[in-house]
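The first chain written gets the first letter, and so on, giving A, B, C, D and E; residue counts start at 1 in each chain.
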Amino acid sequence: MTTALIAVPLVAALVVWLLPLPGRAAGVLALLTALAEVVLWVIVVAGFDFGQGLQLQDRHSWFTDLGVSYHVGFFGYSLWLAGLTVVVSTAAIGYALRANRERGRAYHGLLLFLMGAIVGVFTAQDLLLFYVFFEAMLIPIYVLIGVWGGPRRVRATATFVIYTMAGSLLMLAAIVVFGLSQGTFSLVDSGTSSNEWVFLGFLAAFAVKAPIFPFHGWLVDAYRESPPEVAAILSGVVSKAAVYGLVRIVLAKFPEPVDDFQVVILAFAAVGLVYGSLLAFRAPDIRSVTAYSSMAQMGLITLGLFSLTDLGVNGAIVQSVAHGLVSATLFLLAGMVETRTGTSAFAGLGGMARGRPALATVLMTTGIVALAVPGSVAFAGEFLILAGVYGAGWGWAAVGAGAIVLAAMYMLRLISAVLHRAGGSDVHDDAPDLRPLELALVVPLIGLLLFLSAWPALISERV
Amino acid sequence: MITTPKVDWLALSPTLALLGASGVALLGSVLVPWWGRRAFTAFAAFAGFVTAGVLAAIVFDRSAESRLLIAESFTRDRLGALAAIIIAGAGALTVLVSWGENRRDHAGEYYALLAAAGAGMAFFVTAGNLMTLFLGLEWFSIALYILCALDTHRETSLEAGLKYLIVGGFGSAVLLFGSALVYGATGELGFSQIAAVGDTENVLLLAGLAMLIAGLGFKSSAAPFHMWTPDVYEGAPTSVTGFMAAATKVAALVLTLRILVVAFPDQEHLWTIAIAVLACVSLAVSNLAALVQRNVKRLLAYSSVSHAGFMLIAVAANSALGGRALLYYLIPYGAVSIGAFAVVAARERELAAPVTLDNLGGMGWERPFLGAAMWVFMLGAMGMPLTGGLLGKFYVFSAAYEAGLWWLIVAGVIATAISLYYYLGVIRALYMRPAAELKPALVGGSPPRDPLLQSAVFISLVVTVGSFFFVQPLIDLARDAAGGLPF
Amino acid sequence: MRGPDVSWYLIVSAILFSIGTAGVLLRRSPLIVLLSLEIMLNSANLALISFARLHGNHDGQIFALAVMAVAASEVVVGLGLIVAIARKQLDLDVDRLRVLRG
Amino acid sequence: MTAGAWLCLLAPLCGALLIALLGESISRRTAAWISTLSVFTAFGGAVVSFVGLLGREHENRAAVTTAWTWLAAGKFHAGLSLLVDPLSVTMMLIVSGVGGLIVLYSIGYMDGDPEERRYFGYMSLFVFSMLMLVQAGNFLLLLVGWGLVGLASYLLIGFWHDRPSAVAAAKKAFVMNAFGDATMALAFFVLIWQTGTLDFGRAFEGAGGLSQTVVNLVALGLLGGAVAKSAQIPLHTWLPDAMEGPTPVSALIHAATMVTAGVYLIVRTHPIFELAPSISDLAAGLGAITLLVAGVIALVQTDIKRVIAYSTMSQIGYMFLGAGLGAYGNGMFHLMTHAFFKALLFMAAGLVIHHLADEQDIRKMGGLRNAMPRTYIAFLIGSLALVGIPPLSGFFSKDSILASALASGGYGQLLFAAGLVGALLTGLYTFRLLFIVFLGEPSPLVREHDNGPAHGEGPWTMTLPVAVLAGLAVVGGWVEIAGVWHPFGEWLDPIAVGREHLALVEPTVTQDYVTSALAVGLGAVGIGVAWMLYGSRKWAVPRFAGVQRTLEHKLWFDELYDLLFYKPAGLVSRLLRHGVEEPLIGGSIEGVTLGAREAAGALGEAQTGYLRTYAFAIAAAVAVLVVVFITVQ
Amino acid sequence: MANVLVWAIWILAAGGCLGSGLAVITFRNPFFSALALIGNLGSLAVLFLLASAEFVAAAQVLVYAGAVMVMFLFVIAYLGDRREAPLAGGPSWMSLAALVAAAALLVEIVVVIGLKAGDALSDEASVNQAFGSPGEIGRLFLTDHLLAFEITSIVLLIAAVGGVVLGTRSRAEDEEELARARA
């Protein structure tokens, strides 16, 4: 079952690439696959016994001499992250289909491939396999941004890939050392390690991927130059690979170094949280705000994880899902605004609420969830995280609470700058409201957010 | 009455098959009328490589025990056989790639020399003493010198040939002098006999060893002995470059491993470090230098130096795992090299100009298959998932860790990170050039389809990707091959 | 008939090797570079032969003979190349052959 | 009973969702009626709960009902639970009752606005959020409601989003409230870690065992939330700006319900405040300061709604004073009467504004009494109730607070004095407003809009709620008459944990009478002075330029906060961008790239193209290798 | 006495060898260099003889000094009086570095020999008259070093092919020349 969840998009990607379909048809095929994947995921969830640890395992030896195997399976949290992946990817594919991207076969194939790779990351139970999926994500992203991205895409992609690869190569080194010293690369069979260098190697990869301050040099350019749907996946889902890595590998396998470095990591996470929030507060366009806010949110999630408490870790998972949905929606909306105005810079925007109730409602709702208004799932996540990290020291929680205020400031600024005040110079009166098809992309995401807001315990209890 | 020694024909058969093919091709290039010459000789060479590959596989199968033959002048073991298989495969693919070159002059000689070079390499990897080593080296080197310069109408080809010849001759001379010193120190030429003397403190031996390492480093183009590589790779006919990148490296590295492990076990503490340092220097120099290259062949040349660095890490590990790592690494690496140079060749033919990153622009979309293949080859060279390149690096790092050479892992990691920039540069050129740049000067419209080249690319692709998924069988082969060495 | 011992031969060989090296590294005429390579190979031959004498086995001498053939082969290819270059109306100057660089 | 509570909570939510989902498929009018109906349904639910509660034993009047676990992790659980007890039912009745009237009023007031649907959707959402706040069965849900009302307030203040000032005001309100949310959240973290739960009952129990510092911290956090939400000094500056919203919003949110949530919070969490007496005193002190400062500022404001807004701040100051001193029942009592008369005042002001086509500047008004006689009466009732003239509702509630203060020892007497000064100020600023707006000669603007009786004072949807509230403002205070009759106080008593009466202080009858006499007297003096200054204009309004400007700038609070928080945040943000992000984070990439390129260039130089360079490299490397091998051996 | 004679011959041969070697790399004209190399090879042959390598010495004279060098001279003559390349080129530091490298190698090898001299290197094996004789060499070439022998021939064959391929004119060159002539 797990393998099917990974393989379906990958196989579909191959089919899309190889069959000489017109671009549209490829898109439709991709979308159908994605929807099937969602259904598959729902089936998996329905049959999942939370609280039983690793389930739905598939294990086949890959090569024996170093003890590497193809081993996948689901924990509760991986299931949620995988769900986030399929949902956001589906929306992204839908967006791409609607945007009618040039070279649709290539594009949709890459999106499907990306989807499969990410699901793979969230299910991998073997270190090398994890690395494989972790890196495989980069391949489509690189092309997706590099080919279909904005004017400064080339630079953005190079920075992004080299930055992340530098991190993950350190992880590869760490994997080698860890696996050989343990005698197996299986995450299930291996014990814990107290080697700080190996720990730091893993941490480096995840710190870049998340990103945690100060490893976010790639962030803004990548998010700004990507096609909106890719940015959605990138910030919504790909960054969560770091969360999975931290939970499954760093926290699980390195208890002693984690203890030793806890304060340092918390400090970096907190700095990232505040730093990202402050920069978001003055960032000049929708995407930069969302980008820096993602960084801040990842800092927050890291705070939760390294609080080393149930509250914090569960909160981090809730927040991962919440942030994934929120930021994906925001990027898709940014894309929709851009197609109408040709810009996402606040200088040219404003007053879009007038006469565009759907856009206003949708953006407002998303923004409100994004700033973690109490009662939202993002609030639930943040609350748990901060409650958890309070246990590690009240100062962390105070910083986090302060960041919540900052989040309110930058998110409101975003909402106002797009929707409110007089019409911006790039907003033409005939720029239409969201079309039904566009609504069909974002409303399900928002619906999920609202559903989870009514019942965040669905996730937080079942991690 | 001189009784000639009993010759193990099977052990020699891959070499002989290629030699035979070379001879046939040579005759063909004289006897067959001009219109059938290319087809005949190419087929002969192809058949020779395939036969050699098959024979080498048989040798592999039947050589569970390593044996020294004819006064220990050569070895029948799985290491040599596996290397011969890879070399034969590379050669066969090269024949496919070169078919479309439509060589007007010396087509027959080209294939004859290719087969001869292949034969030399297949023999070289089994060499059992310093003399056969030197001779085997010269055998394929001289063939390659000629192949490099074969496009005599092109100045760069001649320049490449001369540079290769002279620098190569210099390297051989160093190797030879080193051999002489080792011989002087031990009185023996055979690898195992040298080891048996076991005179660890003998300075003559050490000086000889240093020179041997230099000579072999030259052939595997390890920095700082690599400087000829970019020039020669750029100047040589592209199919030859591919063959050199893939096959020569196999030959040189396998023999480096063999001689160091077999002949110098007592000097291990010296040569492991020396090789490790060479690996490091190779990684650093090649990856940095490649950053600013615009010519794709040159870029790939630096890339091959970089890979030599990685493989030397495996050699430096001086362990069974290291041997396995080296042999495994060679498989995807060989496929990537042949494939990448094949794509470059295809582009070269349609542009009739040297391929640079600029005129690669948009190729990914115009030639979807070749573009996608090049993409995969670059991923393979980077060591990205879904290609054996990743697992090659993984094995190499594992070997380094096991040998306690953790700093080599760090070096490898940094080098890989740097290398991304230029590999991605190729992908960028293939796919991401803005529309304005998508106007390469095509000569005479779309070139004829070249199914042979494409099949070569396809096979390379299959090997590159397949070596990722089917690791176990390949690793078993590598294990058996490396198992014959006395680690 | 006892002449100088092996060390002396070796020293001559070493000096020759260095002379050859210097030739390769300094001269610009490809012909002379080729000649210098010959000197290097011959120096090695001298070493081989003196070691053969030292150890009293023939391996070194055989090796030297083989080297001779190899050296001849290199010369043939090298001269062929030089002729080809000359035919292209290029200067016989290795320093002028630097289209490929960087 | 619990069903009533759920009905009360969910009806407005359903209304909001319905309006949002139906969108433009329904007419604006329909949306308005859906909203109104939903809120009145909520009122019905509240009444059901009330009746259900009345039917129970006095001590047994509390019920918790949980729908599902809302949030859980590890040992921590918080259900989606409602608490039905006298306190919450009181609030439910006020919120849904007054709310219903105001929504009804909005139908007339907002008639013709193109985005009416959105307005009514927001209104329903607000009522839902407020009900969530008051019905919350645990701290977490309380915080949820707390935040949601802030959100609704934000949405409604910024309802006219093409006005930059409205947008700015909305943001300001939200951010300040977010600050309060944050301090509350911190308090809850302490509770979670110290007591393991956020359930009211268990947390209160657990709080008993905590050290003084911890309890103080918790109380301080709660107080932070309360101060922000109720616009008490120092987190008050958003409230006057919030008047940018439509007037019914000001009536509902910024007078009757949301802003008084701070008082509710203190009363709800009184066990904690009682454990932290210093923080309680702080709350009372802040209330006293606010009531004075707001009263003074109200004296010079020229915007009709802002005057009332400052008055609201001031009155909530009284409630804080009462609640902080332990007179919880009195605080709640004042909360209720204040809801009546302040909503009345706002709605009457709304009628004025409506009549004058959205003009709010009182300097342009005057002599409206003739044009709007009924409005005048309503406004007068409201003003008298506000000043505390018997027998109107404000008299009973405000005086009970002051009496309790008098009974609370030295500190209480100080606050008592402040409260008395406040009473004087109340009379002064309330009637300043009344006189300027309604008496005197009609101003040019008034005459311009005075199109005769045909224009009327508004449709019935507007006048009916005003009439009802006027009635309530008159009689609302009669449920609690000092020394005579205490049904309201007794009704609330069950929420006191472990003691018979809720209130910590019980003023004697004498104190009650002394207080009443003083307060009413001072209020009357205030009215008299206002009359002399603004009614009969016998006295000239004294001018002190500095004082005047200071007051007009609301004691420079906005400027101060701008200087202390907003500007530094912007500055730090820019500083980080130009000092860290671009040079260090971006620059490091540039630097590495440049370094690598330079190295690459150097290597390219070394690759001279001279073949003897290549041979030289080999020779040199061999030389080095040999030396190393021989020396290292 | 015999020893003195041997020494004298040795010194002469060694001196000639080194002198002609130096001459090779210092003469400006490749023709003279080639001639000097013949002298070098000849004196080496003498040294070989002194080191009991009769057959090698003979081969050196016949094959090397004779055949190979004649070919060299032919080519030089064929190329005719082209403008001579400058003696040495490039920046002077490059030449200096080259000399230093060559000298360093020399010093190192000499040091190595010196370290070993006196014990291992003076302890020559005793050999009989047949040592180095054509018969002995021939036998080895057909037994132990059969492969070396065969390979040698293959290498020569390849080189011959190379010489032909590179030395002959190609069609492309013909056309080029034709085009140039037409222009």
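Convention: contacts are C-beta pairs under 8 Å (C-beta built on N, C-alpha and C of every residue); 3 or more make two chains touch, one makes a residue touch a chain.
Remember, predicted model here, so these are calculated numbers, not experimental data.
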Chains in simultaneous contact with subunit C and subunit D: B, E
C-E against B-E, pair bridged by the larger set of C-beta contacts: C-E
Remotest chain, subunit E as reference, centres from CA atoms: D
Centre-most chain, if every chain is reduced to its averaged C-alpha atoms: A
Most remote chain, CA-based centroid, reference being subunit C: D
Length of the line joining the C-alpha centres of subunit B and subunit C, rounded to whole Å: 26
Between subunit D and subunit B, distance of the C-alpha-averaged centres to the nearest whole Å: 77
Where subunit A and subunit B are represented by their mean Cα positions, the distance between them in whole Å: 42
Whole-Å separation of chain centres (CA-atom averages), subunit A against subunit C: 64
Multi-chain contact residues (two or more partners), subunit C: 10, 17, 20-21, 24-26, 33, 50, 54-55, 57, 59, 62-63, 66, 70, 73-74, 77, 80-82, 84, 87-88, 94-95, 97-102
Touching two or more other chains - residues of subunit D: 604, 607-613, 615-616, 619-620, 622, 626, 630
Full enumeration of touching chain pairs: A-B, A-D, B-C, B-D, B-E, C-D, C-E, D-E
Touching residues on subunit D, where the partner in the complex is subunit C: 604, 607-612, 615-616, 619
Subunit C-facing residues of subunit B, complex: 130-131, 134-135, 138, 142, 145-146, 149, 152-153, 155-156, 158-163, 165-166, 169-170, 172-173, 176-177, 179-181, 183-184, 187-189, 230-232, 234-235, 292-293, 298
Contact footprint of subunit B on subunit E as seen in their complex: 108-109, 112-113, 115-116, 120, 139, 142-148, 151-152, 154-155, 158-159, 161-162, 164-166, 170-173, 176
Residues on subunit E engaged by subunit D in the complex (per definition of touch): 90, 94, 97-98, 101-102, 104-105, 108-109, 111-112
Complex contact set, residues of subunit D against subunit B: 596-597, 599-601, 603-604, 606-607, 609, 611, 613-615, 617-622, 625-626, 628-630, 632-633
